[in-house]
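As structure tokens, the structure follows; a few thoughts come after it.
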Amino acid sequence: MKLLVVNPNTTSSMTRKIKEAARAAAHPETMIIAATSQNGPASIQGYLDVSTCVPGLLEVVNAHPDADAIVVACFDDTGVDAVRCVTSAPVIGVGEAAYHAASMISPKFSVITTLSRSLAGLEANLLRYGLDRRCVRVRASDVPVLKLEENDPATIDKIRVEIRAAIEEDRAEAIVLGCAGMTDLMSHLSEEFNLPVVDGVACAVTFAEALVKAKLTTSKLCSYS
Amino acid sequence: MKLLVVNPNTTSSMTRKIKEAARAAAHPETMIIAATSQNGPASIQGYLDVSTCVPGLLEVVNAHPDADAIVVACFDDTGVDAVRCVTSAPVIGVGEAAYHAASMISPKFSVITTLSRSLAGLEANLLRYGLDRRCVRVRASDVPVLKLEENDPATIDKIRVEIRAAIEEDRAEAIVLGCAGMTDLMSHLSEEFNLPVVDGVACAVTFAEALVKAKLTTSKLCSYS
Amino acid sequence: MKLLVVNPNTTSSMTRKIKEAARAAAHPETMIIAATSQNGPASIQGYLDVSTCVPGLLEVVNAHPDADAIVVACFDDTGVDAVRCVTSAPVIGVGEAAYHAASMISPKFSVITTLSRSLAGLEANLLRYGLDRRCVRVRASDVPVLKLEENDPATIDKIRVEIRAAIEEDRAEAIVLGCAGMTDLMSHLSEEFNLPVVDGVACAVTFAEALVKAKLTTSKLCSYS
Amino acid sequence: MKLLVVNPNTTSSMTRKIKEAARAAAHPETMIIAATSQNGPASIQGYLDVSTCVPGLLEVVNAHPDADAIVVACFDDTGVDAVRCVTSAPVIGVGEAAYHAASMISPKFSVITTLSRSLAGLEANLLRYGLDRRCVRVRASDVPVLKLEENDPATIDKIRVEIRAAIEEDRAEAIVLGCAGMTDLMSHLSEEFNLPVVDGVACAVTFAEALVKAKLTTSKLCSYS
Amino acid sequence: MKLLVVNPNTTSSMTRKIKEAARAAAHPETMIIAATSQNGPASIQGYLDVSTCVPGLLEVVNAHPDADAIVVACFDDTGVDAVRCVTSAPVIGVGEAAYHAASMISPKFSVITTLSRSLAGLEANLLRYGLDRRCVRVRASDVPVLKLEENDPATIDKIRVEIRAAIEEDRAEAIVLGCAGMTDLMSHLSEEFNLPVVDGVACAVTFAEALVKAKLTTSKLCSYS
Amino acid sequence: MKLLVVNPNTTSSMTRKIKEAARAAAHPETMIIAATSQNGPASIQGYLDVSTCVPGLLEVVNAHPDADAIVVACFDDTGVDAVRCVTSAPVIGVGEAAYHAASMISPKFSVITTLSRSLAGLEANLLRYGLDRRCVRVRASDVPVLKLEENDPATIDKIRVEIRAAIEEDRAEAIVLGCAGMTDLMSHLSEEFNLPVVDGVACAVTFAEALVKAKLTTSKLCSYS
């Protein structure tokens, strides 16, 4: 199968990191096509970026009509519903994938994202999915998306502080990493804190494969027609 | 990977059907171990069956400590939380798998199950998962679980009536088949009604593979410790 | 005060109708600037149109930096949160305005919109606003947006059928007209059915004036910064 | 238009303050009739006052049958539904007006009221309106209503403490002043804390004007007949 | 124990019927004091009656300071919170008692009340109690409260129609009679329809005895202080 | 009447304590039959115990077919729905009884239970009952169930700490003791903290008597048939 993984921002170093994570999680026979948007913001932080990146995202999707499934690799799940209108292949956002996965391995989870400017949008998504009932809290680490590309240890420390608070204050039993750019942090934080740390890229990729294997496609009956 | 698929009722013809569906959905390299409970009701319909089948289910699970993931093949997701307490492998119920899958391919879905006696329990599960927000209605077809084993065309007609009502009255855009014993009906009903018909067995199997590939395990921090 | 009323689709006959309704509702001293998007779909029906019209909407807004308040004249409230990020003036969508108004004059209301393709998006908005608790149902009349421009009596009859159903089946005590293009129908349907029929354009215009008079501006503390 | 603003407690110094705020927010051509209840508690704090002030409120309303709109100037929105039964003019409580306004300028707001005895009633109102989904928290300042009439700086300091907590702990992006007697604090607290501080009196007055301009009246179909 | 049962309307024939029902349900050693309000509407139907009957209700309660528990015998639970402010004895409304009882004997119930004018208020109560999650629907029989005093068989037939609809359309598994004046209908309708028919007077009386035996009193910590 | 009170764990010292509490709350003429499960865990803490104790509980119930009402004396309300399938007598869990009682004497309550492992299950119950809307928080004292049998003063101190936090942080106005083994603590903690402290055993016993006096039985129409 061909799996299109679109980074809807224009930062290609981030696409590379996302592609590596996708490759590591996917079955060997899955072909991963990782594409960067050519038209939009350099990172997606807050309502304005979320809105303005959609045309660029749609261009990438329309350029790959033969994809068997599509992953939108932005934790805000921006444009996911619009993409579902232009394809019958399954379309999954990395945010929703992570929330659904966390719901199946823990009773309650917290999300740790980048800037507080993004919180309201993520909370609105959780509400729409119904998974606000399983998410105790969405926390901002105050690390900008592009800062994650620098591998600064101080950055990870800020995320650590929030994980600790999520466990102690929120009684979260799993952590969702709330940015596609955090995809490389999952494994060692999970060991360090002894609880599942969920990366949306890995979840979206493996869920996309799952939907294809289960022969499910996007409903074209009404809303996505 | 070894995937344990447990039928928590004692009807082995149903286990065979479930195994076939699991095999069809799984990757070729996944080893499917389909096991029938040795101790419990012949079918699971209503609160009493849901409660009394759990010890038999746990016996099967405890007999397979090397499973990499476990699917509980009863649409009521009976005992799923209890099973999570005895393993760190991912554990998925076919009900929850179907609901999560349906949420990713449609804005709203309806469930069609067997007897009306089961409705309250399924609604309570949806509420707990938060996915009542995406499920318009759970419908009973008044077909008893074991009747599904007889391949009587009148049985399928009763399910057809409910699918039509779900589309017209509930404005559902996907249908979830609310019984593990309906697993063989998915593909032709989907074509017939031109919308996704979701079978929990296929979803649970492929999601279990997905969680294993994404390196996620059941949280042992608190509730499932 | 200068009130910018943006039609985020590119159909200027619709902008004219919206302008008339705005002018009729506004105080004489309010200057109404009605502007049509230059870049986007001809009508906004469903997720794809909702997403792709935002850049054109933002261009119009950015071209009028001196507006004291902004009305987004699309019932989907598309781009409202994005517009709030580029101005500190109050920004109101005609959908949200109508819902808030209906909540203050009736205990329960129903919405009557154009195509069923738009229902899921409107329901998601109501959920986010909390006003799903006051809205009994969103109904589709199956009248396309641009058909409303033709003044065909059959069109109004379809809306009448839904109003009657909303009163009888939903027990709605007010009706919200779910499309900016229905703005001219409010007064006579209200008389005919003897209940308030709420037009979002009138509400958004007068609420925008209200917020300006009450000296309230968009919060720039975090999400809209 | 004639706008009746009723203070449902018997403290006329409070009515004077409310009238000033109403006058400042209203259009010059709006005639403000500010009336004090002649029969009821001196201030409205908690369930007992909320219940016992209604007959006095209704007397005032019935004495002004020619009002084009009515504002109930008590933050508990006491008697608003009862008043809607005796008039077809729009009737707005200052609490609901403030919540609706705050929803249109911020994603999340907190309310700061007087005594903790009033919290449960305000929370019940928010629930009924659906706006509990937008209100993070209702906070008590422990300032009694009538203490607000004394202009003691210590009083304002207590409110400041709660605003700071609402911003830092609740992540509120707007503040609603939860008492009609706080109406004179809005502008300077808004500047001081650099976020919208919403006064219900100003909102209710301008929204009442808005509904009249939009030609909306209270639904007399059923609940308010 | 002394149990004060207050009819907050002024119709004494209704008080007699309520007293009989209370006497039949109570333990022999419980002294039932049934009192009629001296000041208020003849029946309580809709928001206006609900508000205006409270002062008369409080007068009755204040005249019986030695009551060990108080039942407010109006299905709207009018004034219950206010009464809790003037006593530390347990105070129960017949509406809430019926909802709590129905929740303990069925997964879902429907309510059948008098006029549709009362629906919005009852729904608001259910929301506040949280028991809207267990109540499928509140139905109006269009029988005015005082009509119930006439023992007209046509009246009971209208209630029968709604019970049948509640079973068939709402899938209700218990029926709550939504008016204190229906208290004499419980037993034979329950037999006729073969499901529990819940009368609030019997429930409120026996729950009041229960709270007294369990040594529970109204919390005076804050809201009811 | 004969009231069967079943302790679904196998610790008979706990049954003795429960029987004493039941006896103290019941009417003298009620015959209390307190029975200990012969087959299951020694205490019920977390999902695994909740599931595995049900068969033993059902054995006890089936051995007492003449009970007029049944109390399941485990705060998790384990097996309550299953027991309702084997009897038409009213069946009440001590958890639900306590929540319903607390709702009638306070606007908001907090629960204080034993281990944090039990929190998710209790929260799921509250959600299903709808009473999560009245419960501010479920708190773990980290006291294991069987530790309560030792009467260690340090144990009570841990509960005291949580009561204080519930009052100060949660603004709870009543406390629910979240374990049948805490039944002897109710009266003196209530006095000490000057608010209602609710014990589920006393509530379940007196509510069971109430339902019998009100002639209500478990609905056998569908889910419990």
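So that you can tell them apart, the chains are marked A, B, C, D, E and F in the order they are listed, and the count of residues begins at 1 in each.
To be clear about the criterion, contacts are C-beta pairs under 8 Å (C-beta built on N, C-alpha and C of every residue); 3 or more make two chains touch, one makes a residue touch a chain.
Since this is a predicted model, take the numbers as computed values, not measurements.
Enquirer: If you take the chains that touch subunit E and keep only those that also touch subunit F, what is left?
Expert: In this structure, the chains that contact subunit F and also subunit E are B, D.
Enquirer: Please report the smallest number of touch steps linking subunit B to subunit D.
Expert: Steps on the shortest route: 2.
Enquirer: A-F versus A-C: which interface comes out with more C-beta contact pairs?
Expert: A-C
Enquirer: Given that subunit B is a copy of subunit F, what angle of rotation, in degrees and a multiple of 5, matches their CA positions?
Expert: The rotation relating subunit B to subunit F comes to 180 degrees.
Enquirer: Just give me the whole-number Å value for how far the CA centre of subunit A lies from that of subunit D.
Expert: 42
Enquirer: For subunit D and subunit E, let me know how many angstrom lie between their CA-based centres, rounded off.
Expert: A distance of 32 Å separates the two centres.
Enquirer: Of all residues in subunit F, which are in touch with two or more distinct other chains?
Expert: Subunit F, residues with two or more chain partners: 81, 107, 116, 119-120, 127-128, 133, 171, 222-224.
Enquirer: Which two-chain combinations touch?
Expert: Here the touching chain pairs work out to A-B, A-C, A-D, A-F, B-C, B-E, B-F, C-D, C-E, D-E, D-F, E-F.
Enquirer: What does subunit E use to touch subunit F in their complex?
Expert: 25-27, 81, 90, 92, 96-97, 100-101, 103-107, 128-134, 167, 171, 173-174, 186-187, 190, 194-196, 198-199, 202-203, 205-207, 209-211, 213-224
Enquirer: Subunit D touches which residues of subunit E in the complex?
Expert: 46-48, 50-52, 54-55, 58, 79, 81-82, 84-86, 116-117, 119-121, 124, 127-128, 222-225
Enquirer: If we count contacts the way the header does, which residues on subunit D are in touch with subunit F in the complex?
Expert: Within the complex, subunit D contacts subunit F at residues 116, 119-120, 127.
Enquirer: What residues of subunit B sit close enough to touch subunit C in their complex?
Expert: It comes out as residues 107-108, 133, 171.
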